[in-house]
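Next come two complexes, and both contain chain A; in the first it sits with chain B, in the second with chain C.
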Partner chain A sequence: MTLKIKNPGLATSIQDLGRIGYFHLGIPLGGAMDRYALRAANMLVGNDEGAACLEAVFMGPEIEFTQTATVAVTGAQLPIKVDGEYQEAWTSFVVKAGQTLSFDFLQSGARIYIAVSGGITTPEALGSRSTYPIGALGGVEGRAIQTGDELPTGGSEGPGAGRTVSEPLRRKPGTPASLRVLPGLYWHRLTDEAGAGFFEDEWKVAPEADRMGYRFKGGRPLEFVDREQPFGAGADPSNIVDGCYSYGSIQVPGGTEPIVLHRDAVSGGGYFTLGAVISADMDLIGQLQPHTSVKFEKVDMAKALDARKERKGMLARIREELV
Partner chain B sequence: MKTRYTFGGDEHVYVEMDDEMSLDAFFKSLSMSNAVRDAKIEGVTEICPANASFQVRFDPDVIAPDDIMAKVKELEHKAETAEKRLTTRIIEIPVFYKDPWTHETLMRFRERHQDPNGTDLDYAAKINGYASVDDFIEAHHSQPWFVSMVGFVAGLPFLYQLVEREKQLQVPKYLSPRTDTPKLTVGYGGCFSCIYSVRGAGGYQMFGVTPMPIYDPEQKVAHLKDFMVFFKPGDIVKWKPIDRAEYDAIVAAVEDGTYVPRIAEVEFDLDEFNADMRGTNAKMLEALNDA
Partner chain C sequence: MAQVISPLPGTFYVKPSPEAALYKNPGDPVAIGETIGLIEVMKTFIEVKAEFAGTFSAYVAEDGLPVTAGQVLAEVVV
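This part shows the complex of A and B:
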């Protein structure tokens, strides 16, 4: 069974849950930006939760099926069609051999996950099928999908139509989106006033927002505690001796525009980081469009772990619903 | 040196050995990150050593953040008492300085540079007090370098020169990063040299290019058959200046699978190095020449 790509959309790539264990060589985890949505999509079609799916941003692809399969689309609201007939999101449906899956225009959110029964079975690179174009790893020859690609799948027909994730379990960011942040790392570089201002101000997602990182604009510039810059750090007060970056860490080059590093993050560099978005909220960033309003909310470790537990609990409830 | 421990979100422990760069801080970070690896702590998923710091990624569903933090802290004394000795390799990396490709690129991005009227090498020579670009190039390649971190993007090494602090070359990054850097550019920013493993954005000054591939996801290049990334922290590098003819010859040899990098195994002892830097370097270079 193959998926014939008639139109790839804007930037559609094969993603799973990523490759662990190579960040010390500069190769990031990668994988779905909204891992929750990817897991849910796979559950709906009867796959392993980490099977490879298509992640499409802002625009959907157009795909012809060579065999009948169960399909589910989760994440952003992007109306789904099979041979022109609308299908429900977060719910499994059947695409028959010869039919074409396509999409209308984006209504909300940013990324959809298209799971196909049997999963996409392109070759793994370092234990994952996730596409990391900078390092030419995974995906189709290390790149996003293109017109004319034929993607192999596991080929099973799957559990069929009508399996659904109930409305309260369809996780998405609020308005304005709230991203919970655990201060740490180089937080001490900021003045008290700047630290408070970061959480008080409303920020907007900048156009420079992709799988490597999301940039934010609109808050007040951050002031740094005065110091003589350490040897090897560089002259700007936002510089440090190049160190590792955490996933979700927030760097603010020059103190002006915060950047949250995401799944295809660079593994290190010379900018101070003020803390990191908690693991439970990383999925939500993947659903933010440019110009979306965002508030950063300060939390402590206990709250971060509670949020992580809550997200896990929601996934467990989806599993129960779909037994 | 004062060690600082902090969390990066709920999945990372971040340890900074010192806020300034030094070989002592690098050695301590390398030996402590090795101690964490050797401790095989359940729930640890990634250990990333950097120049003067390191990071441990963990799964908080397996080990509680306070527990992993306590375990990492316990290992600090091990790093302090560890021998500052490393069995490693010294590698000769050929560099075509003042090559036409980085030159074309640096001219294209001149408005982002501190000195729009010269090249990156002109600027670096001037601000480091060298009379000529050739003198500066000699300072860059005459003494060896330590790979103190691998990262940023896939397989990119950061290198720190094995000379006294007052002899360290220092240059700022571009005022605003370039959107393009040729693959295998030898770059410089702060006190670090680097090799761009892939083509892409970059902010380091550009000095030249090496014909020796250091990252190959397809693992077709002979010296990258075993693993796609060439460098690891602790490697020692000696730059070897080459001209266009040698550059072309190496590119051709890489292409037909006959290129073998020159590598020798060496012992590096930090105390010995600190007592006699030039003597220690000379010994390592001798080993390389015999290889």
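This part shows the complex of A and C:
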């Protein structure tokens, strides 16, 4: 069975849980920006949790089905239609052979995940179907989907309509969104006042935020502790001798606009990173629209691990609901 | 009166570049598929096109300011 793309939307790409194990070679993790939503979508249609789905940002695609399948859409609120008839989000529904799946205007959130029973079965690259356009890996010939593409799927009819994730388990950011941060290796580069200011200020998502990094604006510029820049580091106080970046790490070039590195980020470079957004909150970033207000909240390792456990617990509860 | 709606969130512009003239002035004819404005998001500029023909009335959203998906950008007399 294939999915015929009649309209791709804005930057709709095939994503799974990512291309793990190559970050040290400079190949990004890739995979869904909101992996929680991707897992939930797959569970709703009876797939393996890591099956490849479509990730659509801000605008939905238009897709014609050549065979009957079970479908679920999770993540952002983007009204779902099958041949013009509205469908529930976070709930499985059936699309029959010849019918078309389409979407209205975005209401809240940023990204939807469209899971189809059997999963999308484009070829894997380095163990993942995730699309990394800059490296031309995964997806359809290494790119986002286009009009006229025919995406192969596993072809099963799936478990059918009416499976649903209960409201409290449909995880989404609050208003303003709160992102928990663990201060990191280079925290000492900031003055105490600048460190405190980073957490006090309200930031807004910059329009250029994308799968590589989420940039934030509007907070006070950061002041650095004076030092003679070490050999090999750039002249700006935000520069370091090149180091590794982690998933979620926050670099602040020039001390002005923090950038949280996300799924398609580079793995190293010459900017200091003040810390990292905790793994449990990285999914939430994937649901932030441009100009959304954000506060960073300082946490310690114990709190970060508790949050990770809580997120895992929510996924376990979805599994129980969908047995 | 028909409304041109923003299909996505981002920053709205009424000109193709800062020095250029406005896409449309009041009284200008509008054809289907003609560009009315730009939305900047994710380092990309997306052209917003008219889905109907008529006479341009006015921009409703302001140049260079944030818009949300579904927001009215401009009005056209059809």
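FYI, the second predicted complex is superposed on the first by the 323 of 323 C-alpha atoms of A that agree within 3 Å, B and C clash if a C-alpha of one lies under 4 Å from a C-alpha of the other, contacts with A are read in each partner's own complex, and residues count from 1 in each chain.
We adopt the following convention: a contact is a pair of C-beta atoms (placed from the backbone, for glycine too) under 8 Å apart; a residue touches a chain by one contact, two chains touch by 3 or more.
Not measured: the values here are computed from a predicted model.
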Room on chain A for both chain B and chain C (clash or fit): fit
Which of chain B and chain C A:207 touches, first, second, both or neither: second
Touched partner set for A:277, first chain B, second chain C, both or neither: first
Contact breadth on chain A, by residue count: chain C or chain B: B
Contacts of A:11 with chain B and chain C, given as first, second, both or neither: second
Which superposed partner A:57 touches (first chain B, second chain C, both, neither): second
Which of chain B and chain C A:25 touches, first, second, both or neither: first
Chain B versus chain C as contact partner of A:79, first or second or both or neither: neither
Where chain B and chain C come nearest after superposition, their Cα distance in Å: 10
Residues of chain A defined as touching chain C within the complex: 10-11, 57-59, 105-107, 110, 207-210, 289-291
Contacting residues of chain A [partner chain B, same complex]: 20-21, 23-27, 125, 132, 134-137, 142, 182, 184-185, 187, 230-235, 239-244, 246-249, 266-270, 273, 275-279, 301, 304-305, 308, 312
Chain A partner contacts - residues on chain B that touch it in the complex: 6-12, 14, 16, 18-22, 45-55, 57, 60-61, 65-66, 149-156, 158, 165, 172-173, 189-192, 197-198, 200, 215, 217-218, 229, 232-233
Of all residues in chain C, those that touch chain A in their complex: 5, 7-11, 40-44, 46, 66, 68-70
